[in-house]
Amino acid sequence: MEKLLNINRYAMYLLLCVVVTIPFFLPPSATVIPTLTNPNTQDLYINMMQIPEGSTVIIESDWTVSTRGESAGQLEAFLKICRHRNLKFVLLSGADPQAPQVALNTVKRLNAQFKDAGLPEFKPWDDYLAVGLFPDPAAFWQTVSANIRTSFAGKTAYDPAAGQRRSVYESPVLKNIKTNKDLGMVVIITASASLDTMVQRMSGKGTKLAPMVTGVMAPEAMVYYASGQVVGLSNGLRGVVELETMMARGVNYSADSKEPFVKAPQFPGKIEPLPEGLKPLDRGMSYFASLHAALILMILAVVLGNIGLLYQNRKGKS
Amino acid sequence: MNFEFAKVAVGVVATLGLYSVLYRENKFYRLIEHIYIGLAVGFSIVALWVETLESSWWNQMVGTAAVPATATAPAQPSTPGYYLFALLVPIGLLGYTVFSKKNNWMSRIPIGMLLGFWGGQQLQVFWQTYSPQLQSAMKPVLPTTTSSVFMPRSIELSNVAVNEISTATQLPPNVVTDLSRNFRLNTDMVANFAQQNNVSPESVQAAMGAMAGRVGGEVYMSQAISNIIFLLTLLSVLTYFLFSFEQKGKFINGFTRLGRWLLMVGFGAIFGSTVMGRFALLIDRMYFVIIEFFQGLRSLGG
Amino acid sequence: MLNLLAQTEMPPFAAEGGSDQVKQFALYTLIAGFLLVAAMSFVPTKLRRPIVVGATFLAGFYYVLLWLWPKPVNFAPEQKPQGSEHVGVWLTNALPGVSSITQTLTALLLGLGVYSVLRLHGTKLIKKQKDWAFSLVLLISMLTMVTIGYVDYSELKNNPDKVNQASWGFFQYAKDFLFDGMLQAMDAAMFSSIAFFILFAAYRAFRIRSIESTVLLATALIVMLSLMGLVEYALSKQVIDSITGGDPGHFMNNFALNQVRNWIQTYVQGPGILALTWGIGIGSLSMGLRLWLSLEKTGG
């Protein structure tokens, strides 16, 4: 008993490394875990899948590799939806100078995946614009809601057909955007409090706001979902897994007239699963079994610690 | 050596170097740590120009020249240069007078301007952030019906309502009435009901949705109790954080204690969510160190 | 304030973009600015506070006006403002300019941080203090990143084709190696190491010692259990379905793990955090007003 109550910290660190690593060696089919979806993630996905085809969305990507475990899966999931629904997107960052490059690397990685699957890649200028960092996102979002035609003033991008840099407003991505209401959605993938800035300037202005945040930021972001300031919320790794589940299994959808796996009573329609080529079950699901292992270890550690407390109390009394 | 693998390999070495502090402080850790800080500061200096000063200051100050049309692209007009932006350099550099004994008061000018910009925005920020939240927190605490404690599975429909649903869903009125006795069915139950009544499962689903909508408009006892708990939590936690007056008296003390307990529920949930976040980051690193590294190694071997 | 409205004719304090004239004017303005700064060192003591307070107030006043002044929503560029709309539209259109001022000042003040790093490690290196070799490593990696970063940027600017990896040269590979291969991996390793400390701290310190800690622990356990998809699925779906027979209207559905977690999240966690953030909001508002109006006693 004494030994169990005084586990060496290095043993515990090592155990954590081992338990999260073992699931990586399991066959992929064994790591597909049936996961129930929460209303906040359902609302997020349903709203994303209802963006009119061919629309333009703005993605504020405010994460770096330090939160790749959560944020990369979120950006990848939304980019797959963009591919599926032929959405054009503006990629920008508002919190970290490293974030624009990390987001571009994600697009590059997904493009390679699409190419292997025989799907069209995202083409710069025609399908997306990477406009870099906006060091004062508050002012940027304020101008988006007031007059979006001034928000990207001075920003240029390389037009491969013209062979030169041109104003981003001339690109097919932004050519038809006259007001913020023309945007299909504004998505923010963040590991910081940059969602607050966006909500402060953009909520209630006629554009749907869709946040995908890390587990640390989720409890605060939940307040915005509860008050209707954002249309849904993806919460960390679990949120990615829920999104991937809906992408793979659809919503209110059942191919063989059985009970649908994902039931969203708030949504009267149904959404079909994404094609296999888009690899709907991806990073989130491949990490999920490891998360189970780590959380079980955590619960065991807490229980063991408390057994120790009881044991010591009893010993003290006797 | 393959470039991508070299990147992964150096990343793995750096990761292991930084993890080595988990055992104890050591020279290898210190070396990697200093490289990390150096690279991070270096990247910030580059970003300072590339992402901020060039576009927000230089381009505004000198504008851009017109670009004539080419065979593939139309002409681009010039944008004016606002040369007053040059004044920002001396104003910004006033911040460095903080090191001067005589003139350090000047450093408060740029800092004061930045604080002013921030302070001036707080009125809008407060209103825009909290007014919708305040509105959504005003939840009904009195039930609108006492027919059921929980959201019921049956609904009493007037003849008018039966006819409305019947018209909208194409179900015969007697089937609508039958369904209203238990309208919360799973897919198998819907299929059985549809088969028994010789109607389509889709129309049954639609009628169920319409009935759920009518029921959802009511506040049942269970919902009212939940709403009371919501308001109790909100008010007791707010009271706990009120330091403008001395918290005296049995009621206030009890209420703030309740606030503290309810706050712990929130903190417990935050803890769970944070743990998930931190573990996710570790899992990703383990994936990088083991899977991506060995995949790279295997690809090297062809 | 700059007139950013007029685009057809040259606005005041502006000159033809990219011309020698605008660069000349900028140089003169810069010199005048430095002369003004030099003159400021002769400002009498009693005038110093009004100058600081005035600059602070004017900066904040713009944003207050921007919020309070009525203005048309979603104003299209081809529309002509009328009456009081002129001011509203002017304020709105001036926002990118004001934002540029904020960003420029912030960037220039961030240089103070860089200066501190250089001073600290430069002194260590020159005086050969303890661990000076690490300072040397730090300065070398910083200079390498700065050099490679700038050269890469200027090459990409002059030759946008270099964005494609097929056209990369030495500096693009070097920047990718330093940024993606080293900096990002180190950043991620630093953040992820917190997981080890959380686990060990929970083992040693997360104990039931009071009502508060019991409530906290119980909620944390419910949340952690429900975050595990498999556990939640088994407890919410399979166990509950075996009791209810798959009947969605059954009373016991309310006690499925996911329902309990959602209830806690909506009715206890949500308002608790709401109350916290409101408190923070009120604090920020009052602090904002105090700073803007220079009511802090130590200000100026």
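For reference, chains read A, B and C in written order, and residue numbers begin at 1 within each chain.
The rule is short, and it goes like this: a contact is a pair of C-beta atoms (placed from the backbone, for glycine too) under 8 Å apart; a residue touches a chain by one contact, two chains touch by 3 or more.
This one's a predicted model, so the numbers in the text were calculated from it and none came from an experiment.
Seen from the Cα centre of chain B, the chain whose own Cα centre is farthest off is C. Taking the mean of all protein C-alpha atoms as the reference point, the chain centroid lying nearest to it belongs to B. If you average the CA atoms of chain B and of chain C, the two centres end up 15 Å from each other.
Each chain gets one centre point, the mean of its Cα atoms, and the points for chain A and chain C are 19 Å apart. Centre-to-centre spacing of chain A and chain B amounts to 10 Å, using the average Cα coordinate of each chain.
Along chain B, residues 22, 43-44, 48, 52, 56, 60, 64, 79, 121, 124-125, 129, 133, 137, 186, 188, 266, 269-270, 273-276, 278-279, 281-282, 284-285 each make contact with two or more other chains. Among the residues of chain C, those in touch with two or more other chains are 66, 98-99, 102-103, 106-107, 179-180, 183-185, 187-188, 190-192, 195-196, 198, 202, 217, 220-221, 224, 227, 246, 265-266, 269-270, 273-274, 277. Annotation for chain A: residues 13, 16, 66-69, 98, 135, 138, 164, 219, 223, 226, 238, 259, 291, 294-295, 298 touch two or more other chains. Within the complex formed with chain C, the residues of chain A that make contact are 7, 9, 12-13, 16, 33-36, 38-39, 64-69, 98, 101-102, 105, 124, 135-136, 138-140, 142-143, 146-147, 149-151, 153, 158, 164-165, 178-181, 205-206, 219-220, 222-223, 226, 238, 241, 259, 288, 291-292, 294-299, 301-302, 304-306, 309.
Per the touch definition, chain B reaches chain A in the complex via residues 22-23, 43-44, 47-48, 51-52, 55-56, 59-60, 64, 67, 70, 72-73, 76, 79, 121, 124-125, 128-129, 132-133, 135-137, 186-188, 191, 209, 212, 266, 269-270, 273-287, 290-291.
For chain C in complex with chain A, the residues that touch the partner chain are 66, 71, 73-77, 92-93, 95-96, 98-99, 102-103, 106-107, 160, 163, 179-180, 183-185, 187-188, 190-192, 195-196, 198-200, 202-209, 217, 220-221, 224-225, 227-233, 236-237, 246, 258, 262, 265-266, 269-270, 273-274, 277. On chain A, the positions that touch chain B within their shared complex are 10, 13, 16-17, 20-21, 24, 66-70, 72, 97-98, 100, 132-133, 135, 138, 154-155, 159, 161-164, 166-167, 196, 199-201, 203-204, 214-216, 218-219, 223, 226-229, 235-238, 254, 257-260, 265, 268, 286-287, 290-291, 294-295, 298.
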